[in-house]
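Take a look at the structures below.
There are two complexes below, and they share subunit A, which is joined by subunit B in the first and by subunit C in the second.
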Partner chain A sequence: MADVALRGVSKSYGNVDVIHDVSLDVEQGEFVVFVGPSGCGKSTLLRMIAGLEEVTQGDVLIGGARVNDTAARDRGVAMVFQNYALYPHMSVRENMAFGLRNIGTPRTEIDSRIAKAAEILQLDSYLDRKPRAMSGGQRQRVAIGRAIVREPDVFLFDEPLSNLDAALRVQMRTEIARIHHRLGATMIYVTHDQTEAMTMADRIVVLRAGVIEQVGAPLDLYERPANLFVAGFLGSPKMNFLPGRITAAQGPEVQVEVAGGVRLPARVRPGSAAAGDTVTLGLRPEMLQVHPDGPLRGHVDVVEQLGHVQLVYATLPDRTAIVAELRDRRPPAVGTDIPLAPGPGLRHVFDAQGLAITLPEEVPA
Partner chain B sequence: MTAARSGWALWGDRLLLAVTVLVAILWLLPVIWVVAMSLKPNAVLQQSTWGFIPMPFTLENYANLLQLATVPRWLVNSLIVAVGMTLLVLVVSSLAGYAFARLQFPFKRAIFVLMIAGLMIPEQAVFLPLHQMFASWGIHNTHAALMMPRVAVPIGVFLMMQFFRAVPRELEEAAELDHASRFTIFWRIMLPLSVPALTTLGLFTFIHAWNDFLWPLVSATDADMYTVTVGLASIQGNFAFTEGLGSVMASAVFASLPIVLLFLIFQRFIVAGVAMSAGK
Partner chain C sequence: MTASPQARSVPLAEPRTRAPRHRVRRRDWLTALLFLAPFMAVYLVLLVYPLFLGIWISFRDWDLMGGDYGWVGTLNYQDLWTDRNFWAAARNTLWFVALTVPSMTLIALLLALAVHGPGRIRAICRSVFFLSSVFSVTVVTLVWAMVLSPDRGLIAPVVQFLGGTPVNFLGSPTWAMPAIVVTTLWWGVGLPMALFLAALGSIPKELYEAAELDHASRWSVFWRITLPSIRHTLILVVVLQIVGQFQIFGQPFLMTQGGPANSTRTLVQYIYETSFRDWLVGYGAAMAMVLFVLMMLFSMLQLWLGRQGDDR
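Let's look at the complex of A and B:
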């Protein structure tokens, strides 16, 4: 087990900069998820830690030692790839043993480590199979097993569940979380799926265009996003953004006027906004309720019935799209107008630059 | 509409099949003729060579052939040259193909262009300099001289390079993280994966080496160093007069037997290989 640190790390391909001055500390035993849209540089960052990509600028430290010039195989990391990258001509057992044989691990030691990994991953009865005779989920388990037997200081996962179907993804998600709990190893996990990030991470690193947008515990980021991007990226369905204007500000209390002249109270950090400022009001879908006095008039376009909740997609008079997550077995009919009101919960306010100026709620002790 | 179209398609398929069978028969006829003649007594052949059925039947021509002391010697020569050349071509092509596919080294592009340019040079064009070179080294009439000019095969390098390029890079990266050296990656991962490509390349090289005639004819002047093709060609003139046409035909069948056997055993790979080189 080791900690990982990035110090002002940048990466360029020719004139194209893909990672800009990234600094980050990953604690020993922590499960950190890099999340962001395609092309944000999350995989590149992971591959730089692995030693599969050179670092253009800055330092990568593993266990306190600078590893920029250390070959990938000497960094004490193991990686699980999106396409599994199993050696197709080798059996499951040989796949797992390959790395250990290369460093001259005694046979008995190899066997016992494989047996242990196979037990953790329920692969006992597949050890002599070739990868092609296995399903996607089993293959990914083998890939994880191959990493486990190496007993690396750091586990790296590069979108390991992307090739699996939805049900299997959920199952493997919990399985990886379980393995992390059991091994207590440092793990860095890359995904574009915010649900994976929210459910698995100790801490999430949100990346966009090679820059870290925010780092924090999943709920922290969900409840206190630093900007519009993070607010929109985490949470499904995503947060509703209503363009508005501050009409009155007194201390932290402000009035935000949104579509149709509707005024909604919110709380911002004192001094961060004044009357007349253009802002964006952010309301999570689950805080919207149908209420007879609801100030927001939504025209229902689509209703998605998910069983435990209903997602109502509506349009406000100024054509802003809005989503409400209702808990009502009889949701409104498509084509009707409904009055929506923000219920209890934080009303996020973002300034003209998209940065959050919301006054954080007191966390009850 | 669909039924009518499938009807046309059916007739189209039948026509194609008929043409294929016809062409196959045309190709096979001379072969059958040769085999038939090799199994007939020379006395019969002197009257007429016509007919595809060996009646009356005899194995005398083959018996005569095997009584010649030099024939087994030529067979062994051919075998040594063909097997040796095949192994060397596989080693050179796979190593060079891997280097071109995955390694970064100075002047890679220039070297690659030079290698590919080698495809454009007809082998006859370099016969004289090759002959002079080998003569000055004094290595004519050796197995090495028969193999060496054919060991670096641009098309083989190209084939292997294309194959290695298609292997996902993550496999090598996974192996790298698994403490494998570059050579271990090549030897334990890439080479086992390329068995289909190696088999195809090996088969074509073996067939080419076995059928090779021109260079062995130039390089091997000592009858003991003849390969089967050169050896049989050398006795054909004499044979036709002294032993008769049947023996000449028997020698032709005899020389092509190993290749026919090879084809029967490995036809799956050969067909795949043709498809592979046509598809790229």
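Let's look at the complex of A and C:
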């Protein structure tokens, strides 16, 4: 087990900069998830920690030691690849033993480590199979097993679940979380799926275009997003953004006019906004309720019935699309107009630059 | 909910649709045959017919000028048994194949490994190594006859510089065949190299990254990852080489005319001379059948060996 630190790390391919001055500390035993849209540089960052990509600038430290010039094999990391990267000509057992044999681990030790990993991953009955005779989920387990037997200081996962179907993804998600709990190892996990990030991470690192947008515990980021990007990226369905204008500001209390004349109160950091400022009001779908006195009038376009909740997609008079997550077995009919009211919960306010100016104290305990 | 009535209706509907389904199937067959017809016609006329004609001729006393002196049974084959020239040609051919196939495969693989991957120099090397394949046998043998010449060749001055006496490679019963092998390697290495390059290119790079993290040595990477991944191409190359090299004709015919002392006379040359110089087409056809069987046996052996371990 070791901690990982990035100090002003940058990466360029020729003239193209893909990672810009990233600094980050990953504690020992922590499960950190890098999340962001495709091409944001999250995989590149992970591969730089692994030693599979060179660092253009800055330092990568593992266990306190600078490893920029250390070969990937000597960094004490194990990686689980998106396409599993199992050796197709070797059985499951050989796949797991390969790395250990290469460093001259005694046979008995190899066998006991494989037995332990197979038990953790329920692979006992597949040890003599070749990867091609296994399902996607089983292959991914073998790939994780191959990492476990190495007993690395740091586990690196590069979108390991994206080739699996939805049901298996949920299952493997909990399995990886369970393994982390059991091994207590440092794990860095890359995904573009915010649900994976929210459910698995001790801390989430949100990346966009090679820059860290925000780092924090899942709920922290969910409740206190630093900007529009993070607010929109975390949460499903994503946060509603209502373009608006501040009509009155008194200390932290402001009135935001949205949707063609509706005024909603919100709280911002004192001095961060003045009357007349253009802002964006952020309302999570789950805080919207159908209420007879609801100030927002939405024309229902689509209703998605998910069983436990209903997602109502509506359009406000100013053509802003909005989604409400309702817990009503009889949701409104498509084509009707419904009154929506923001219920209890934080009303996020973002300034013209997209940065959050919401008053943090407002977060309910 | 809507799926179950449909599912129930399938077995009920089946008996009624059985008759038309047959008709549909026949129509599909006719369409398939129609599409296959052009290939089948070429295949039958240019491959199957000559093969059986050859077998038929090999049992007859057949003269090139059209004289068919009738069925002679296995006489042609019995003659082969005692024909020392035939056995010498067969031995030469096998020797050539034994020298060429392994070395061609190995060199093609080594070249592919060397020039595989990104970089301009590698790309240039790939083109250069493949370039020799586009020359005709006449050009290749002419070039190599000059290279190997003891008076004006490329090798002679080097040997002289090192204090040796230049060897007349093509005039020596010992060196003539190896010289032809080298010529053949130079000429033919492009295609197997290209096949290996394609196979190497299709190995996922993550396998190598995983191997790097697994502390695999370069040898171990080659032996445990690269080689197993290109096994099918390796088999293909060896079989193509066996089939191709058994038919060696142009290089010895143009470089040594089968000499010196018949040391480079191969089966195809002997078949050619028997059929078209001595006009004994029936006898030539019998030899061609033997060559055909030899090639088939070796190729099948190689395919069988290659399949071992596929389903383990």
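In this section, the second predicted complex is superposed on the first by the 361 of 365 C-alpha atoms of A that agree within 3 Å, B and C clash if a C-alpha of one lies under 4 Å from a C-alpha of the other, contacts with A are read in each partner's own complex, and residues count from 1 in each chain.
FYI, a contact is a pair of C-beta atoms (placed from the backbone, for glycine too) under 8 Å apart; a residue touches a chain by one contact, two chains touch by 3 or more.
Fair warning: this is a prediction, and the values are worked out from it, not measured in the lab.
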Check your understanding: Just from the overlay, do subunit B and subunit C fit on subunit A, or is there a clash?
Key -> clash
Exercise for review: Give one of first, second, both or neither to describe whether A:88 is in contact with subunit B, with subunit C, with both, or with none.
Suggested key: both
Practice item. Figure out whether A:314 sits in contact with subunit B (first) or subunit C (second), or with both, or with neither. Key: neither
Check your understanding: Given the touch rule stated above, what does A:73 touch, subunit B (first), subunit C (second), both, or neither?
Key -> both
Review point. Taking the superposition as given, does A:123 touch the first partner, subunit B, the second, subunit C, both, or neither?
Key: neither
**Study point:** Touching both subunit B and subunit C, residues of subunit A
**Key:** 50, 52, 71-73, 77-79, 81-83, 85-89, 98-99, 102-103, 146, 150
Point to revise | Residue ranges of subunit A touching subunit C (in the complex, touch as defined) | key: 50, 52, 71-73, 77-79, 81-83, 85-90, 98-99, 102-103, 130, 146, 150
Study note, to complete from the structure: In the complex, the residues of subunit A that touch subunit B are 50-52, 71-73, 77-79, 81-83, 85-89, 98-99, 102-103, 146, 150
Point to revise | Residues of subunit B that touch subunit A when the two form their complex | key: 168, 170-171, 173-180, 184, 188-189, 192-193
Point to revise | subunit A partner contacts - residues on subunit C that touch it in the complex | key: 204, 206-207, 209-217, 220, 224-225, 228-229, 312
